[in-house]
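Note that the chains are named A, B, C and D in the order they appear, and that numbering of residues resets to 1 at the start of each chain.
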Amino acid sequence: MTLPLPQPAIEAIIGAGRRMDRRNWVPATAGNFSVRLPEGRVAVTRSGVHKGYLTPEAVMVVDLDGRPEDAALRPSAETLLHCGIYRRFAEAGAVLHGHSIANTVLSRRAGESLELAGYELLKAFPGLATHDASVALPVFDNDQDIARLQAAVEGRWAAMNVVPPGYLIRGHGVYVWARDMEAALARLEALEFMLECELLQGRIG
Amino acid sequence: MTLPLPQPAIEAIIGAGRRMDRRNWVPATAGNFSVRLPEGRVAVTRSGVHKGYLTPEAVMVVDLDGRPEDAALRPSAETLLHCGIYRRFAEAGAVLHGHSIANTVLSRRAGESLELAGYELLKAFPGLATHDASVALPVFDNDQDIARLQAAVEGRWAAMNVVPPGYLIRGHGVYVWARDMEAALARLEALEFMLECELLQGRIG
Amino acid sequence: MTLPLPQPAIEAIIGAGRRMDRRNWVPATAGNFSVRLPEGRVAVTRSGVHKGYLTPEAVMVVDLDGRPEDAALRPSAETLLHCGIYRRFAEAGAVLHGHSIANTVLSRRAGESLELAGYELLKAFPGLATHDASVALPVFDNDQDIARLQAAVEGRWAAMNVVPPGYLIRGHGVYVWARDMEAALARLEALEFMLECELLQGRIG
Amino acid sequence: MTLPLPQPAIEAIIGAGRRMDRRNWVPATAGNFSVRLPEGRVAVTRSGVHKGYLTPEAVMVVDLDGRPEDAALRPSAETLLHCGIYRRFAEAGAVLHGHSIANTVLSRRAGESLELAGYELLKAFPGLATHDASVALPVFDNDQDIARLQAAVEGRWAAMNVVPPGYLIRGHGVYVWARDMEAALARLEALEFMLECELLQGRIG
C-alpha cells in the first residue's frame, strides 16, 4: 500500500521550478527540487524534464536512500544528494539544486571553497546575525558517480564545525536547503544574488 | 480606536513589489516600501516576506517613530530609516528600499559618496534641469543597529546644502523617496539605470 | 473641428511601450514614440508618464512642427526630433526613442559616430544587402535645447550621402525610424542587439 | 493535392519562438525554426516576421530541397540549412536557429571551432556520458549565398568522425537539432548557457 503524494508538496515543487526558470537557473533539463514528507519519504522531481514547466506527473516519491516507491519511475540523477541532506540535517524540509551562470563560472574558478563577506544578504544564512560575518561555501569537484560525490560531501561535513546550508559542485551548480520550500527559495535567491555580485566584482575568494 | 489602512496605499505597495521583482531588486526577503498616510501614520511592509509576492496582510501601519499600531505585527527591520525620511522631508510621500546587483557592487567599492554626471536621466532628480549637472549620492557603512545608522544619515544630511532624495548603504542597497509611489518608482528606475551604466563602464566615482 | 486619433495608431504606440519595457529600454519616464497620421498629423506620447504602462489618454496629436492640436496637452519633450524625422524622410511612418544600458554607455564613450560591421543583423538597415557592409550611426552631444539639437541633426544629415535611419544622443539614448511601427521595433531590436554585442566585446568604433 | 500541415508541428514552432524570445534569442526578424514531417516534408517559419509573435499563418511547408509547396509563400532565407540537416541526419526531427548576444560575440572572436569542456550541461550533447568530455562546435564564416554556405557545412561534416548536433555562423547565430522540438530546445538552452559562461569567463577556445 502506497501513501499519497500530498498536493502542497507537488505545488511547492512546481512553483519553485517556475520561479527558478524566470531567473534562468534551470536551463535544458537541469536542476532538481525536493520536499521532505512525513515517515521517511521525499517528494522529488523526475529525471529528464524541463523544470520550468513541471506537471504533477513529474513529481515522484523516494525513501531516504533514494529508492523510488514506484519502481517504474526514474528520479533525478542527483536524488542521492538530496537524500544525503535530509539524512544529515533534521531541520532540512526542502532542497533546491540549480545551475546559474554565476554559480557555474565561479565554481569553475574556485578552489575548495568560496567565501562571501560583507553582504547584508548574508543574514539569509543561519547563525549570521550580522553582515560582518562571512560564509565559506564548500566547492566539490564534479563527479558522475553520485554515491562517490555524496561520500565526498559527507567527508567534508564531518570535518566542519558549522555546516552552511549550501554547497557548489564545480561547473555543475549549487545546492541549498532550508526548513521549507519558501525559505529554501529565499536562501537560494540570496546566494545567487551574492554570487552575481562576486562575478561582476571580479574578485573571487 | 484604529484608523483603517487605505486601499490605495496597499495597492501602491503591492504593485511596487511586483515591479521591483521583475528587475530582480528584491531577492529573498530583501527590500521594503512605505507610503505616508494622513495624521502621522505610515503604511509599511512587514518583515520576513518576499516583496515580489506581497498580500494585503503583509502591509501594516506604524507612526513616525516606527511604532506599530498593532503591537502583534513586526515591521521591516529598516522601518526607522523610512520614518527618518518622512520626519525630515515634508514632501516625501513614498519611500523605496531595494537591493540591486549594481547598487550592491558599487556601494561596496565606493567611498563616502557616489557621483553621477552626464546622464539625461539625472533629470529625475529634483533641482537638476539639465543633464550637465551632477548628483553625489551619500554612501553609508552598513550597520545592524538601525537607530545608529539613522543617526549617521541625519548627521550627513545636516552637513549638506542640498540633500538628494536617495542614498546607498554599503553592500546593502539603496533608498529613494518622492512625492508618491509612482514618482518614487520612476526615480528608482532612473537611479538603477545610471548605476548599471556606471557598473558596465567600469569607472566609478 | 478636430480629426480623430485612429485606434491603430494608439494601439501601435501602447504596444511598442510594452515591448520596449520588457527589455528595460524605457526606465522612469524615459522614451517616446510616434506614428505618422494622414494630413500632416503625428500621434505622439505625452510627457511625464511611464512608457511601459501607457493608456490611450497618454497619446496625443501634434502637427509636423510639434504644435499640439489640443493646447491643454504637453507632448514629450523631444517631439521636435520626431517631427524633424517626418519632415525630412517621406518614407518614415513611425519613430522610436529609447534608453538602453548599451546605447547610453556606448554613446558616452563614442566620438561623432559609432560604426557597426560584420553582423548579420545589419540587414535590418536599408540598402545593406549583406553583412559585409557597415553602418556608421551619428552620435550627437546631448542638449536640453531641443530646437538647437534638431538643427545639429539636420546639419549632419545635410553633409551625408546616405542617412542611416537612426542616431544616438550622448548619455541620452537612440532614435530609429521605419515605414511603420512593426518595422521600427524590428530595426530597434536589431540595433540594440548589435550595441549590446559591442558593449560586451569591449572594442567600440 | 496538398497534404495538411499538422497542428502539433505548428504549435511546436510557435511555442519555440515564445520561449526563445523570452531569452532575447530572436531579435528583430532573426531566427528560424523547423520540424520534420512525414513523407519528405518540412514545416518551417516564413521569412520576415518576428519569431516571438508567430501565428499559424507564419508556418509553411517545403520539401527536403527547400522548395515551397505553396509557391506564393517565401520561407526563411536559411531554409536550405535546415534541409541540409534533415537530409544528412535521419535522427533530426527539429532544427532551431537563434541569435544570442553570447553566440554572436563568441563566433566573431572564434577561429574555425569553439570548444566547450568541463560543464555538466555537456551531457545535453549525444555520446557524452560525462562532463569530462568536450565538444568542439564548428564555426563557419557568414555568407549571404546560402547554397555556398551549406556546401561549406557539408564539406566540414565530411571531414569529421563525429558530427556534433550544432554549429555557429560568425556574427550570425547558432544552429542546433535534435529528435524533436522539446529536445532541440533543451539542447539549445544547454548550449547557450555554456556560451554565456564562456563569455563571462573571458577565455574562449
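The definition used in the following text is that a residue touches a chain if its C-beta (ideal position, glycine included) is under 8 Å from a C-beta of that chain, and two chains touch if they have at least 3 such contacts.
The shown structure was predicted, so the numbers you read here are calculated from the model rather than taken from an experiment.
**Q** Using the touch definition up top, find the fewest steps from subunit B to subunit D.
**A** Step count on the best path from subunit B to subunit D: 2.
**Q** Please identify which chain has its centre, taken as the mean of its CA atoms, farthest from the centre of subunit B.
**A** Centroid comparison gives D as the farthest chain from subunit B.
**Q** At the subunit A/subunit D interface, shared numbers over all numbers used: above half (same) or below half (different)?
**A** different
**Q** How many degrees of rotation carry the C-alpha atoms of subunit B onto those of subunit C, rounded to the nearest 5?
**A** 90
**Q** Can you check how far apart subunit C and subunit D are, centre to centre, with Cα atoms defining each centre and the answer in Å?
**A** The computed centroid separation for subunit C versus subunit D comes out at 32 Å.
**Q** If you average the Cα atoms of subunit A and of subunit C to get two centres, how far apart are those centres in Å?
**A** Whole-Å distance between the two chain centres: 45.
**Q** What residues in subunit C touch two or more of the other chains?
**A** none
**Q** Any two chains that touch count here, so list every such pair.
**A** A-B, A-D, B-C, C-D
**Q** Residue numbers of subunit A touching subunit B in their complex, please.
**A** 23, 118-121, 124, 129-131, 182, 185-187, 189-190, 192-193, 196-197, 200-201
**Q** Which residues of subunit D touch subunit C in their complex?
**A** Checking each residue of subunit D against subunit C gives 24, 27-30, 50, 99, 101, 104-105, 108-109, 142, 144, 169-173, 199.
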